[in-house]
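Same chain, two partners: chain A is paired with chain B first, then with chain C.
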Partner chain A sequence: MPEKHLAEWRPDAWADVTDVVCPATFAKALAALEDLEKGQILEIRLNDGEAARNVPLSIKDEGHLVLKLSDNGDGTCTLLVRKLDD
Partner chain B sequence: MAFSNEQLTRYSRHIILKEFGIKGQKKLSRGRVLIIGAGGLGSPAALYLAAAGVGCIGIVDADDVDLSNLQRQIIHGTDDIGRPKADSARAGMLAVNPETEVRAIRAFVHAGNIMDLIRDYDFIIDGTDNFPAKFLINDACVLAGKAFSHAGILRFNGQLTTYVPGLGACYRCIFKEPPPPEAVPTCRQAGVVGALAGVVGSLQAMEAVKYLAGIGELLSGALLTYDALTTTFRKIRLPRRADCAVCGALPSITAPVDYAQAACDLTL
Partner chain C sequence: MVVDYAALKSGGFMRQKQKNNFSMRLKVVGGKLEASQLAAIAEVAEKYGHGYVHLTSRQGVEIPFIKPADMENVKAELLSAGVFTGVCGPRVRTVTACQGSAVCPSGCIDTYALAESISERYFGRELPHKFKFGVTGCRNNCLKAEENDLGVKGVYSVSWSRETCNLCGVCAKVCREGAVSVTEDTLVVDETLCNHCGRCAKACPSDAWSGQPAYLLSFGGMFGNRIASGRQILPPLTDTAALFRAADAALGFFDRHGKPGDRFLVAVERAGWDVFEKYIRAEVLHA
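After this line comes the complex of A and B, so read on.
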């Protein structure tokens, strides 16, 4: 995870959803968001492909703010999300 | 309580529903449902509730599995013939979801045990096949302030309603008292289509899920009827009766009562 990505938004919590497949990826992201306060930021590590395509859209649809999706170059992506809805 | 990866995967189709979410699933996992009757109605209800991740399910039945049950009582298998239905149903639920706590209770419900049986549960499912048991369960749930799902099936027809304390009619508001025993066709005298039990028992499971998760509108204050032959559902609004003998303003029934039962050894 390059430092410059973290410099802009400091995550309050971190979740790795690379060990489950869709739609459990989104379910696991929701579980992590559930533990945050409104306005806090969650950093999510997810696999390229289906998860990287679907999870940001689903999180947006859920009413949260997708801040950034960056490619880690190792088959995974890092997604930064601000929790907006309760 | 945090969900494991396995749980998040198992319940992902619930959790990703906006109305449901993590909160709804947690409510289910804390929920406790008592299913009375491991028969045609209780079978699908039990399987769906176990699969859904309901934390604790009690299953009450005094009978043993019989070959003639298997046409509709899908929680039991051919190998279960002769086995107590409560035990067979418990095994069926645990096969679907080993995380569920299942309590098998080998008993008939009666005025002397019903209050104790329902005490520890949030929601009761009436999957019995006879009027005395249905009135008993209604009265006990009203007296104990428990929500429950009533259902009945016969031939090609089914009906159900959900009682929620303080909201809408109870079963006794709709049907004042049991019909005389000789007027009641038991399931031995009248056939029933297996899939009808599946439809209606599944609707009961749906009501329990909504109640526990706190979502949607329950079938309270209404009777849903289903005619399988014509594929017709009707929802009939039913007001509470102010003079209802058990939930009315001046109830004459203040403790569970047993009625004479028509002979029937088959549990729907």
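After this line comes the complex of A and C, so read on.
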């Protein structure tokens, strides 16, 4: 079932991948997810553009649930991901 | 010994600058070869050639420096490993493909399977001139569909349902065409901007978007002496049978309107794009 009403997500951890480029953006995000328990939420700060277009898709392919992608208005986006698979 | 160059060419033997030497073209479909086939090719190159192969611009393999006297042995040894000779000259050539949805996350269609089907149906068919098929799995177009006489591009025919959508915003961001925007309580989709890339459906975390694999065809491309990009004259086709109706019709049209030595595009231009388009649309969409 989809998770609705997304305003209340409380991230369990935070990662910044704005300092790297593809494919390291995805690799760094995955590495951050590894430290989480199943069901926990990771907040990822990533650059708008290529990273914002590609990382959510790759995260889904890895079996995790993307909850929200929002534009921060400063050239970066915030992606909330719930860890599903170990 | 009298050498029948036409027969050699149709069997994939390319005359070299070096007298009495031929570069032997092999049949490769979609750029895929088994390791066992590669091993047999390597052995033949060592034994009969100069110990190397040339990878062609269209995913083919050629073994240079084969002598006419060895050709039958070479063919037999390759055949025993499931390697067939290719073709040159005025006929349907190697069908090229990217790895497609079987391997690539971006792939919308199973390019390997489709390339095999196309090759099985048309490979080697005699025509007024060479005819190239290329199959690319998605809009990224790694296989350069429009360079081919008939190019196939994998896309998705997409639809969105409010029911399971949680308005996460991912589809709006992954859409490169700006066709999707998210408001407070719904999505707005501008279908005139949609290029059927399917990234919305691929990225959607809640299955609110669904995508059905479809084929976008381009006709009349070439990338040799003359360079032209193939034209899209049909909507995306979700039915593989429709794709083959289109290909059957295009090759039949080429046979009827092409003079020997005409590339497909030249035959279409002589008959008129309007005539060709009307014919193809009738064969494909109103069958």
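List of remarks:
Basically, the second predicted complex is superposed on the first by the 79 of 86 C-alpha atoms of A that agree within 3 Å, B and C clash if a C-alpha of one lies under 4 Å from a C-alpha of the other, contacts with A are read in each partner's own complex, and residues count from 1 in each chain.
Following the convention adopted for this analysis, a contact is a pair of C-beta atoms (placed from the backbone, for glycine too) under 8 Å apart; a residue touches a chain by one contact, two chains touch by 3 or more.
This one's a predicted model, so the numbers in the text were calculated from it and none came from an experiment.
For chain A, the partner touching the most residues, choosing from chain B and chain C, is C. Looking at the shared chain after the overlay, A:S58 reaches both chain B and chain C. Looking at the shared chain after the overlay, A:E34 reaches chain B, while chain C stays out of its contact range.
By the touch criterion defined above, A:F26 reaches chain B but does not reach chain C. Looking at the shared chain after the overlay, A:L69 reaches chain C, while chain B stays out of its contact range. Of the two partner chains placed around the shared chain by superposition, chain C is the only one that A:C77 touches, whereas chain B remains out of contact. Shared-chain residue A:A13: touches no atom of chain B or chain C. Comparing which residues of chain A touch chain B with which touch chain C, the overlap comprises 58.
Of all residues in chain B, those touching chain A in their complex are 2-3, 5, 8-9, 11-13, 15-16, 18, 21-23. Within the complex, the chain C residues that touch chain A are 105, 164-170, 173-174, 176, 199, 202-208. By the touch criterion stated above, chain A contacts chain C in their complex at residues 2-4, 6, 52-54, 56-58, 60-61, 65-71, 77.
Contact residues of chain A toward chain B in the complex are 19-21, 23-24, 26-28, 30-31, 34, 58, 62.
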